[in-house]
């Protein structure tokens, strides 16, 4: 009974991590970009949504919907103006650039919004729950999980059933040959980052409704997101969900033993998967 | 002239691989480029298709400088390549590999999915396989079909017989006349001189980054080729 | 007189603790403009909420700026590295805004071995201690009808370890007052899931939740508790609901959450620098900054009061030993209450370095816009008026 | 026998690149390998050097089973190789390329290797360019460097992969002379080459590969005379 | 007949300058203010960390984001030596190096299974795990952290001598000692890396960097080389961590295992200066220190400037500032080229 509850809550927590990780998975999978600013971009998007809610009095959902095209444009610009120019075989330049971006975003937000804890108000939804007999689950975590699945289904449809998705996969396989097919890899990367920013906005909405955020909170979950992506295997979005769930469940079970073990257990699950399968659970034919 | 290179040079880092190469390809023509390993044939193909970027005037397409364009822009002008080593996209199925060849340049022409399947019927059977799960020869067929999907004016084929069984090579070479019949000019890069001469109108021989022989395929003697290949008469 | 007296002040102006520092500029300006402030120069350094950085800037204040006296506040993450540095450097430091246990014990080499604890020569601290928290919290809970079962949320940080310590933390005091504590164990800050704690509390039939929790974690916990059907009668936690902004982020769910109160606009004390009452100080701050008053304002203000007082009495302001002596001899009433290192209410091992200010309990009440902090428990500091009674959550 | 391969096979996915190859090379022999493009010649070298591990079979060097031994161990035992596509250490000078090979392939202090390296450079006509960064070399010099670096490891068995391709006749003659000299010092040589006249002027036996299979091995004259070889290998009718 | 030389004029000049600098550095406490000594301590320790990270990433191709693990474990081992074993802090620093070695072995075993970005993230996770485990070590304060007891800090080996020598207060003597140790460490580490590059191993590292396949084929054991580099860097990073926290005298898991302080800033220093050279980290640390001193009082603006500079340098000078300088001037202060001298050899370069 208690173990079942722990399991269910862990799976739902995994949904949150998967949502954090989905955008990362996209850019990591397509262009091998280790984006250290991903967490800060989520926080940035959360402030954008918050502005919509507090300044214009929109509902969080509508505010997020409106923030999405803004974030898409931001991602496009970021990729075109900065990231495209440092991508290459060497992982260091993008690592340093995104670290720089992370620092700039954090401190820019601090200047703009102060260190106050903020929250996207979700009204009665915050405490609402659903009694499923054996376990009681919160509506909000359930929505988060459902959104993670929806995001992954949508991204998969895009990836596997559209010409754009074909171009994504081809570019990810081989940039040079993709160029020979008339694909401008840099344009593809810009679109991919734009789409990743749309997913980031969705993650930001749930991050902001679930708990407080402030400008410094971004990096804390970044490592879980990376773990989820790597556990899942490069480029596999369902793998990313699986990765998120593995970390989430490991955390709740670890905590059930002793809260000291909560975060440790998540990391140890990651290390264990890496020891057994160094390329993740669902690796691609080629990396 | 459909395609022309003028004093084309290319380098990998500090290493220079081409030293002023001039070649021409007329519309509808079939040209062979032969030469030993490392002569610079593939480098020439990469320079033409914008994989290696050069000064604009080094490559001309219908008289316009395209040497500095990206490979995507070159491709959209109707120059498609079958790269050395086939380079199929492993994440894509056979059919997706074909589709991606045509999705960025949609012009009317003889080639479409059905036409390619007709040219290489085996591909229709394997359409939902991953491209890399095929035999070498079938992969080569996919690579050629993929390039054809954009209905190019010029098809560059880099060592399409490499590592294939003679029967398969026969099948693949049998496809080239059909491609020409569709109106495209062809450049074949080959080490197998016999194969090359059999399909080409003209032949260039390269050695160490330079063109050492230019001739009509019908006229050229083995002596000449040997000299161009190895530097001196045998 | 010649040269001015140099005060060093290390403060987390950026980073997650920046809320503590929001009134720095306001208070320092007021101090320097006051009569007593004329002889002083204040050099402020930003610790960026980073303990490494705090130690570094403390060192640079001592070595490069050659300050006479160090002032520091804002949680053990900030006070401890600065105090340790000052002690090692032989520079006097006045510190506040950290319960004295994590401050004193946390700076000992082996916190687990009381026999090894040593007093400090140059480090002096005024605030309250866990025994005061216990008195205030139990006072509040006794106003309600509960089963006396308390659940604790203690993170693995300086505050959490001190509060959760089975020997020196809340537990013995709660036991003595007739409450029993369920402590599921230390968790890491910024955990995303509190199911384990909720389950443990439910299993133990807990009706009261307490702890020292950072704001995002409290929101996560409180949402999950409600989602999973855990409905305590009282939630009395430190840190998480210190600032009105943090309470506002909880929306309706913030109503009637309770916490200790170390300073408020209704504290009946006056500033020795400006003569303002607490209410006037709070109102002036709000007028000048456009932001609501917060508890740290009074304490930041009081740091400069104490500094002015000490340096006014010292025989030789350039001698560290003389300043330390003057600090030890302090006896004054600041805007946060009486400050005198006379050992009152402090166990012998810390009596030299620790002085306690009054502590009461308050409850956040939702009004039309925002929340009011209403004092509901003042048994241990009756001079601070109570404005209401503790109300149960359910 | 210095080298012995027993039923060695290697596949890349469905493609069998080396198909049940069995061959023994006596100490001091010079063996030539020919075969069409993609026949698996370079792969055979990779199997002998340990850059690629076989799926099946057994490889023996100097009487020791080295089937699974890592590449660097085999180098130290005396297997030296050149790469078909020259792979110099581009950031190092020609001399440093050799020094690295000498210091690690033979094992020893750098200072003791200087004369040996200089001698090899002289023999391979690279001495003039000793202090030139390898990344800037021409193709010809890269091929020379391949040979020189392989020699610097102090090999008992020297594997040469198409080092004459693209050389002029004069250069080719010089190269043949160099290889003969090396062979004369009783170094065993296996040489993959398309330039048959050069190859045949050095080797004692010729091995023909097609589709990963050995389709003939024997004296060069016999092999060159066999119809099968002429058809398969010399696709260009002679 | 033939000779190998690595000497160049710039190299000889550098060697002399370095020697003079070291001697001056040793004597400096006699004249310099405490502030200067402390600034130099900061510069020297950051430089040591930067050289070590450069050894890993620049020479060994191992982009680790987890070096804070070794800083932290080294520092904690030093504290354990002092507090639990009663060692003198100077000896306890050595314990820091040992602890780092012990941690590095399983870390390498695990992380070497991973490539590229996976390796980077893997090392980061290991550092986090180490931090979380140390945070459970209650005897050393758990998540709270702990301080060095005053009897330990006031009894550090050699401080009495320094007090007598320079006539300074105890705290200043401690600074001087720490500074000397930092100077020793940076000289040994930088000198060691330079020596490594001029030894056989240096050739091997360069060869592996250029072409792993070819390196193996001439007998270079790329795997062993990675191990060697990783372990050396770990031990020295552990020693540096211990020294840094001896100077701070206070430790907590968050401070000791801070990814920003001990890895991100270090990467910043190396990459801004120029990776893969000895000069790069030196240039980088100077830039970093100047920025910090000039801007640190501007809080978030300082950090934003730092971030923007990181982005700008990567966009416009991807080889770092030293790369820019040496490309223009052809200058190499620490020459490693082995040149063959003798008949028939062209000048070349």
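Order of writing sets the labels: A, B, C, D and E. Residues in every chain begin at 1.
Assume a residue touches a chain if its C-beta (ideal position, glycine included) is under 8 Å from a C-beta of that chain, and two chains touch if they have at least 3 such contacts.
Molecules present, by chain and UniProt name: A, E = Branched-chain amino acid transport system permease protein; B, D = Branched-chain amino acid transport system ATP-binding protein.
These figures come from a predicted structure and were not determined experimentally.
Participant: Hey, how far apart are chain A and chain D in touch steps, shortest way?
Facilitator: 2
Participant: Compute the centre of every chain as the mean of its C-alpha atoms, then state which one is farthest from the centre of chain A.
Facilitator: The chain lying farthest from chain A is D.
Participant: Please name the chain that ends up farthest from chain E once chain centres are defined by their CA atoms averaged.
Facilitator: It is B whose centre lies farthest from that of chain E.
Participant: Rounded to a whole Å, what is the gap between the Cα centroids of chain A and chain C?
Facilitator: Spacing between the chain centres: roughly 36 Å.
Participant: Cα centroid separation between chain A and chain B, in whole Å?
Facilitator: Measuring from centre to centre gives 42 Å for this pair.
Participant: In whole angstrom, how far does the Cα centroid of chain A sit from the Cα centroid of chain E?
Facilitator: Chain centres of chain A and chain E, defined by C-alpha means, are spaced 34 Å apart.
Participant: Cα centroid separation between chain B and chain E, in whole Å?
Facilitator: 52
Participant: Among the residues of chain E, pick out those that touch two or more other chains and give their numbers.
Facilitator: Each of 132, 136, 299-300, 303 in chain E touches at least two other chains.
Participant: In chain A, what residues contact two or more other chains?
Facilitator: As it turns out, chain A has residues touching two or more other chains at 107, 110, 260, 263.
Participant: Which positions in chain B touch two or more other chains at once?
Facilitator: Residues 132.
Participant: Provide the full list of chain pairs in touch.
Facilitator: According to the stated criterion, the contacting chain pairs are A-B, A-C, A-E, B-D, C-E, D-E.
Participant: Of all residues in chain D, which touch chain B in the complex?
Facilitator: Within the complex, chain D contacts chain B at residues 13-15, 36-38, 84-85, 90, 133, 135-140, 162, 165-172, 194-195, 197, 211, 235-237.
Participant: Okay, in this complex, where on chain E does chain C touch?
Facilitator: 33-35, 38, 42, 82-84, 132, 135-136, 138-150, 152-153, 169-171, 174-175, 248-250, 252, 254-255, 258, 260-261, 296-297, 299-300, 303
Participant: Can you name the residues of chain C that touch chain E in the complex?
Facilitator: 13-14, 45-46, 48, 50-52, 55-57, 59-60, 63-64, 76-77, 80-81, 84-85, 87-90, 102, 106-112, 116, 118, 155-158, 160-162, 186, 188
Participant: Within the complex, which stretch of chain E touches chain D?
Facilitator: Within the complex, chain E contacts chain D at residues 1-4, 200, 203-204, 206-207, 209-211, 213-222, 337-340, 342, 344-349.
Participant: So in the complex, the part of chain C that touches chain A is made up of which residues?
Facilitator: Checking each residue of chain C against chain A gives 14-19, 22, 49, 156, 184-188, 190-193, 195-197, 199, 203, 215-217, 219-220, 223-224, 226-229, 243, 245-246, 249-251, 253.
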